[in-house]
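Shared chain: chain A. Partners: chain B in the first complex, chain C in the second.
Up next, the complex of A and B:
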């Protein structure tokens, strides 16, 4: 078991983080907005955490347990007293960074969202791609982000010899809270308004739902979640640079949602967990003895080809993703209201 | 900026801008007919560059399945350019048959088609990497047989030097632009294409074979994408399998600036962005790659229909 955790600890943490990112893309999609901005907010959150933890909160950047900079950070750290013994950095400050990162991303999302969400469908997707690319170029060139090298030596809130799996004590509750939030949202007035907008914006507006308010709200929720996830990821990865949060990441996160299921909270989570593990699973399958050499070399070196084909053709065979509200409800053995609705129409 | 520098940058901008223009035409043709953005276009662009590279008889690096492989013959550059682009066009046709047509048949959401084309782009790019590795390839300087490396348009006292490569790619893309415009506006097939773009149901009722025209569109789109790939590879280098993805995103800025689905708009957009990138002061050159996206963002906010596009009335 220890061996397993040592080998796959990082992968498991990454799976959880990617599932959160998938939820952050799912939130605007709930209101019918295809936004690919999640990696941009993810990157911003990461930079916030990286800059704060290496330059502001600790007097000695990156060293093991530098002195907190001032009384305020000391007080912040004191709010969350559960720092593991021997750790170089208080967990409380990681949570504070996540809060600050999420808040900043939320504010930025309001500023961007108000004009951008007048755009529909593909136009919004293009605007958010542009946003992510502009951020990437800025990250490569601004002094505060450390240019092309980025920021490294981000302090770890765990003892030196701990594996990355230690992060589970932050990541698991984080994903659980995010999932619970989206689950509850789908059953709330606001969430139902989102879904109404997705299904038919005109009809929803006629029913008295304010489209701008709800679209911006969904966009901001996604941004906050992505920003918090970025702040946590910066600590997990130990280093942060402009390669985090690129167009490639947009595609991956979109794939989690589309393949996993784009109409119910569980879909993005399943997609994020499964698709993040997939390359590693393929690598393991390639290692099975007795496979022909060409096949095992294809499975290990060509796994991204398989990944791409899976996205391309998965869409063809599972247009609504693997997890759909209907399948979830059938599991719960209650008659599906949606299916009844469709039978009527 | 001095006048000669300005002229020099204008020529460079015009040259790369016309490459943007033919590349963007590939996007815009498909958008005008199917109403979707084909994200695999950037990957086809990359494929075109690699095909041409192989066809000129150049050797591949030491990674991938085709390590150290080399064709037993080498075509002259211009011929290799067109054959390579033709192969890229065939890949475009294959993508349409394997993916876009089944998706259309199921009446899939445009969003799903977009995701699907992204998937194909990922698969194509990694197929390239699987076969020939991720090295940087540059066309040997001998492909421009005997042409001087640069031409001076000014006087010896006031030089106005332009790299020959810039002139070559400018001329080739301008020729392709002219031929394509002629084809779309003046030939019977071109007219049929425009009819399908206007209304595919009505045009199929009028006896136009829409499926065949869509195949043709994908071929043309892949062909011009492949040409653009080779030309950019010639101008800088082929920077690995991912080289088309960034370029593909820039192409999106071009078509939105001109107006999605608008053919003259794509040409105008390409040239405007090409020139804008080259007129950047040298102190801001690090931000060159952000120009196209800043333009894209601003255009989307201020004038989403683009420079030459028509406003679309939202119908119930």
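Up next, the complex of A and C:
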């Protein structure tokens, strides 16, 4: 079991983080906005954490990071007094970074969202792709982001010999809270307004729903989530650079949502978990003893072909995604009538 | 989801069978190769795969590790950090004694700490950023950093024309490598007491460089240094010549490729390029490597393949030494990984790159660097890198003078 966690700890954490990212793209989509800006906010969040943890907060006295914390950061660290013995960095500060990253992305999203959300459909998608590209060029050229090499040696809030799986202590509650938030949102007045806008903007406006307010709100919620996720990812990856959150990532995250299901909160989560694990599963399947050579070499060399084919077939056979509100309902009805009732209400 | 669980279960079974088969005789020594076989970095990764494969075939023919064959285990890192971490984790669980990889420095900053924690020696075949060996005790590299390779071209240019006084520097502002390389070139020029004319910037997507060239040409530069990629750099060189510049030109590492020949054609002739590997380097091992590569691929081996070959060679020679002194059979996996790391840092190697050794940190001490001159054939489309000079360096003096890991410089 230890061996299993050592090998797959990082993969599991990465699956959870990708699921959060998928949720962050799902939020604007809930209000009918095809925004691909999530990786941009993800990158900003990561840079916030990387810069703060390597240049501003520094670290705990007596660790290899040397410099004592100043009074302010000590106070911040004390908010969440759980620092595992031997860790180079207090977990509390990671949470603070996530907060700052999320806040910054939220403010930026308001500024960008107000003009950008006048665009619709593919035009908004294009504008958000441009936003991601602008951020990438900025990151390559600003001195504080470390150019192309980026920032490395981001301190770990766990002891030297701990595996990446330790991050589950932050990541699991983070995904659970995010999922719960979106789940509740779908059942709230605001969430229903989002969905109404998605299904028919004209009708929704006629009913008195303010389209600009709700679109920007959904966009900002997604940005905050992506920013927090980025801040956490920077610690998990141990390094951050301009290749995080590029156009490729935008498309990948969109695939999570499309394959998983774009109309219910569970869809993006399933999509993010499954599509992140898939290439690694194929890697392992290729290594199984006793497979014919051609099959195992196809599985290892062609695993990305299989990945692409699965996405293509997924879209063909599950145009609404694997998880749809209808399927959830049907499933909920059969075992327990009470759950079904909840799903309907 | 259940498919994932199933394959994990199958993997666990696989691990069991691997550990059972460990008792057999002449069991191969497994070396992991984690490079970018897919993604937009695959161009480099594929060359590294070829280099590593040639090395393992060659050393297995020579008898492997005192009779035990070498088995390379390939895991694709793709071009991102998560991919590199996953590939490293898979290889570590797959009982390799050491890993060659990853392709990019950025990937190394994410994945190397994993290997460091697991106590698995890493040899980076192509990480040139500052701060790579400093990641940990188990991390070494056979790729000399930019700051060490680039200045050699300037020294070679001064050998050819000692009267050089004014230097014009051009660089592609949107290319990461060019940006860091030009910093090194400018420092070298200033350190040698030459006059640095105002630095000119361009984009890798540019095709017209008249503005930049006319900015500096009236100031009569004796040497022009270009850091860019093949297409833009080649065009810049062509336009420099067309506008009447006749002095020496140095191309950065981005021009260290045959792809530049069709771009500047006859105008490429005479451009100097500093190299960490030279096809023309005469030694027994480089002749062997070059002959096998040329036979397989029908072209001259590039630097990436030579460095990957060297990385595998370092592991093989260190394993043989370890087997001779301690005996590999007497060590369990963890101990053989640790002792392999200590052994490989202490030895000296004769490689296709020339003689090399490591600092205790794991930084490469490459004895020789090369400067080549582009010589174009009469058809104006093809040419070759002709060997100009090999430059003996003081062991890693420049690297140790700047031990602080400044990102992005």
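Following the convention adopted for this analysis, the second predicted complex is superposed on the first by the 322 of 345 C-alpha atoms of A that agree within 3 Å, B and C clash if a C-alpha of one lies under 4 Å from a C-alpha of the other, contacts with A are read in each partner's own complex, and residues count from 1 in each chain.
The definition used in the following text is that a residue touches a chain if its C-beta (ideal position, glycine included) is under 8 Å from a C-beta of that chain, and two chains touch if they have at least 3 such contacts.
The structure displayed is predicted, hence computed values, not measured ones.
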item	value
Joint occupancy of chain A by chain B and chain C, clash or fit	clash
Partner chain(s) touched by A:161 [first = chain B, second = chain C, both, neither]	second
Chain B versus chain C as contact partner of A:207, first or second or both or neither	neither
Contacts of A:176 with chain B and chain C, given as first, second, both or neither	neither
First (chain B), second (chain C), both or neither touched by A:114	neither
Partner chain(s) touched by A:295 [first = chain B, second = chain C, both, neither]	neither
First, second, both or neither for A:274, with chain B first and chain C second	second
Partner chain(s) touched by A:138 [first = chain B, second = chain C, both, neither]	first
Which of chain B and chain C A:304 touches, first, second, both or neither	both
Doubly contacted chain A residues - partners chain C and chain B	137, 140-141, 301, 304
Chain A to chain B touching residues, read off their complex	34, 115-116, 119, 121-123, 125-127, 129-131, 133-134, 137-138, 140-141, 202, 247-248, 251, 254-255, 258, 298, 301-302, 304-305, 307-316, 319
Interface residues, chain C side, partner chain A - complex	1, 3-4, 7-8, 10-12, 14-15, 17, 37-38, 74-76, 78-82, 85-86, 89-90, 92-94, 105-106, 109-110, 113-114, 117-118, 129-131, 135, 173-174, 176-177, 179-180, 405, 407-409
Residues of chain A touching chain C in the complex	3-4, 6-8, 10-11, 14, 137, 140-141, 143, 145-153, 160-161, 163-164, 237-239, 241-244, 273-274, 277, 280-281, 283-285, 287-289, 300-301, 303-304
Residue ranges of chain B in contact with chain A within the complex	37, 99, 102-103, 106, 108-127, 129-130, 245-246, 249, 252-253, 256, 260, 286-287, 289-290, 293-294, 296-297, 300-301, 304, 316
